[in-house]
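What follows is a set of structures for review.
Presented sequentially are two complexes of chain A, the first with chain B as partner and the second with chain C.
Now for the complex of A and B:
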């Protein structure tokens, strides 16, 4: 089924009364996901945002609780107010990335209430990629530029209209406002099929990567791999599946808040013990951790690789590290006796 | 309803005791403020908790008390960083935050019917004390065979829980061996490093489990001794330390390979550790 962009825009604008709406807009830094009030503000022709939309569930800096000390006493307060939110224009890689983050924020023992309060109150409207960047490689992971996984409603841009697929119950509640839906014409159907069949031009073969990495912890491959890395963390901060964080306190006189802030396994202090010992005290061990976590540990723990091929780490790296080449290199590395 | 695992309960610091002669280790006794908090905090020997010194932050510490000691929790903490220092300076009566209990615990069910040898060095004796205390409880003592504790420190002043050690000396339910590195005036017990003392006096490995905690050098030289005494890796347990933040297996920093020390540990058998990368 399709909906004209005019009718879709009307439905979108009507949603503003009930939902906070996040959508791609053009700003000084490129494309960013931001709050909008009308469909006219939304950037429709874009590859993807500079930063992934994960921050709407897992903010870069977030208050966990606050406290007030009076003499020897303390009062602790925690409150989390979350608005119903629609995220529009999420690309398939990022929608899949959220599903991978779900596996992190809920494990066999704990559920992160901050993350899931936001996740449960949000609806994701995914939009297929009509254009594919040279750094995109989602097809490597069995995903596709028109994959609907992780979206509640999935749209394909047909120019004047959208092809609409309603996927979840949450999606249904929003799609109930879509009016004047009609059948696709034969030409439109052909266009939809073409977009659905598209693959990223760059791909890496990850079919044997996990089992290869099982045997590579002590491989000399890691010795030279990281030499040009400057440890800036941009790969982690721009990654839709990276989730490491720090917890610290912001204090003013006798009051304070406990906050969590994005952190990264590429940061030297990340694993530093109180004693001064640091199990990952050099770039080699930190690079190995980053790759092992995404392509080996995460697979063993969750059954999926923790990379969606969005290419942001490739675009953002100031010294041109390319995760695709790192995977290729691991695939080809000679095994040594461990 | 699941409680928010990031929000600490409030407990009262009722005693802040300088534990060692070098004044580097203090033992904090914390009191539960109400029954509900205590009921929600059901723990086992080997588990840890995140202590909050409000205004400074929080850090993870092993629980030194045993669940057989109601009403309180104890932590023996070395002064090494911001949070531990703030705790050391804290006046008795101050409220602190506690999140937990966290992590797994010593396999006390598996230990049933077995002899246990506990080997500890320096201030890594905290959760070992919890374990010994638990097994010595009249309700549990019958579940276990011989209990041997080998505990060493550089000098007598650095031993933790001196009053309790004196009590154990005369307790027929436990065989306590204390040792110091070099002879000291007034010390009439063992002198020598843990590995060699273990070699001399460790009980037979038949039907016996070993639990070892201590500084890395001690562990490194004690493990070969246990191997020589025919302890298989599945019957040697240890507890690991790691930098932690969330304690929930989410924040990403305490992993060794696929395992998060906070959630899947801190207690591991040597057999388990042999399967993991050497990155701790």
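Now for the complex of A and C:
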């Protein structure tokens, strides 16, 4: 079924009364996901945002709670305030990335309330990629530029209209407002099929990567791999699946807040112990951890690789460390007796 | 293949084969168009990956102290200036270093090209022209049109210290340093300038790519990572971001060699250099000091000269 962009825009604008709407907009720095009040503000022709939309569920710096001590009385206050949210224009890689984050923030023992309060109150409207950047490589992971995984409603841009697919119950509630849906014409159906069949031209073979990494903990590959890395956090902060964080207390006199801040495996403080000992005190062990976590540990723990091929880390890296080459290098590395 | 690349490779081959160095730090072709990437060559078989062109934008001096053993480094003017400061500050050992100097006409500002043609699909450089095929269109540029802002004001395209020079040297004008960019910001009103930095600092995501790309940010513990005392909360907002950036600039006072590595490394396009350039200008005007322009000099803050202009002092 399709909906004209005019009708879609009307439904979008009406949602503003009930939802905070986050959508791609064009700013001085490229494409960013930001709050919008009208469909007219939304950038429709874009590859993807510079930074992933994960921050809407997992902010870079988040107050978990605040506390105050007065005499013998201690008051603790939750800082969590969540609005119903629609995230519009999420690309398939990022929608899949959120499903991977779900696995981190919920397991059989613990559900992270901060993440899931936001996640549960949000509706993701995914939009297929009509254009594919040279750094996109989602097809490597069995994903697709028109994959609907992780979206509640999935749209394909047909120019004047959207092809609409409602995926989940949450999506249904929002899609109920879409009016004047009609069947696709034969030409439009052909266009939809073409977009659905598209693959990224860049692909890396990950079929043997996990099992190879099982045998590579002490491999000399890590010795030279890390040489040019300058140890910044660009790759982690621009990754839709990186989720490591630090929890700290910001205390002033007798009151304070507990905050959660993004951390990154390349950062010097990441594994620094209180004793001063750092079990990962060099780039070699940090890079090994990054690769192992994404392509080995996460697979063993959650059954999926923790990379969706969005290519942001490739574009952002100041020294052009290309994760595709890093994977390829691991695939080809000579095994040594461990 | 051009002669400079050939000579770099032959030099590297010889140095490695003769065991004079353990590693050659240079550039190889990157995975993206118009991108070179730093490379570490450990044996003479690997030297044929070395390249030299207008995409060699990283400052390789940043690796020297962290790379063990004897090393050769391909150095442009700015890389060599950073090496000079590192030597003045006793961070590296001259005897462990072999500098392969190359004069640099400047590097390409890819961001400028990307803003016009979209994602770059293919590109080629020849005879001072850059032909680019982008997702939003194709375009041909003259190198001078897309030369990085840093390189446009560069006064030291030739290495200030080297063990071997490869290729020609570049003639440099003898005029005093020009700071038109700094003067433009200085001439703005306080509120305009505040607006400008508010906008810039709101883009910063505190990834520290600027700090880590900088050859002269080598503190074992950066003040932002220090938790006792805690200078910053870890909060990512304009105020904290400015404190980080301003703190970094102050720490680079009289040391920054204006290579622009920080601005080029920034994934968010923050105009980091605006702050550094102001500091560079102040040091130049007040102390007549340019950092890292010779192996012998001392950092501005380590030296006193009765002839300093010191216009900020009230004199008899």
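As a working rule, the second predicted complex is superposed on the first by the 333 of 338 C-alpha atoms of A that agree within 3 Å, B and C clash if a C-alpha of one lies under 4 Å from a C-alpha of the other, contacts with A are read in each partner's own complex, and residues count from 1 in each chain.
One rule holds in what follows: a residue touches a chain if its C-beta (ideal position, glycine included) is under 8 Å from a C-beta of that chain, and two chains touch if they have at least 3 such contacts.
Since the model is a prediction, treat every value here as computed from it, not as a measurement.
In the superposition on chain A, A:325 contacts chain C only, with no contact to chain B.
Judged by the touch definition given at the top, the superposed model places A:67 against chain B, while chain C stays out of reach.
Look at A:237: by the touch rule set out above, it reaches chain C but stays clear of chain B. Touch criterion met: A:107 reaches chain B, while chain C stays clear of it. Legend: residue contacts after superposition of the two complexes on their common chain; A:224 is shown touching chain C, with no touch to chain B. In the superposition on chain A, no contact is made by A:208 with either chain B or chain C.
Of the two partner chains placed by superposition, only chain C is touched by A:133; chain B is not. Using the contact criterion defined above for the overlaid structures, shared-chain residue A:47 touches chain C, although it does not reach chain B. In the overlay built on the shared chain, the residue A:246 is in contact with chain B and with chain C. Taken together, the two complexes place residues 246, 248 of chain A in contact with chain B and also with chain C. Of all residues in chain B, those touching chain A in their complex are 2, 4-8, 10, 54-59, 78, 80-81, 84, 91, 93-95, 97, 216, 241-243, 245-246, 248-258, 263, 277, 279-280. For chain A in complex with chain B, the residues that touch the partner chain are 64-65, 67, 69, 72-74, 76, 78, 104-105, 107-114, 217, 243-249, 251, 254, 256, 258, 260, 263, 265, 270-275, 277, 279-280, 285, 289, 292-293, 297, 300-301. Interface of chain C with chain A (complex): residues 30-32, 35-40, 42, 58, 62-63, 67, 118-121, 135, 199, 203, 205-209, 211-213, 221-222, 225, 227, 233-237, 264-265, 267-269. The touching residues of chain A, when paired with chain C in their complex, are 28-30, 47, 50-51, 60-61, 131, 133-135, 224, 227-228, 230-234, 237-238, 246, 248, 250, 259, 261, 264, 267-269, 314-316, 318-322, 324-325.
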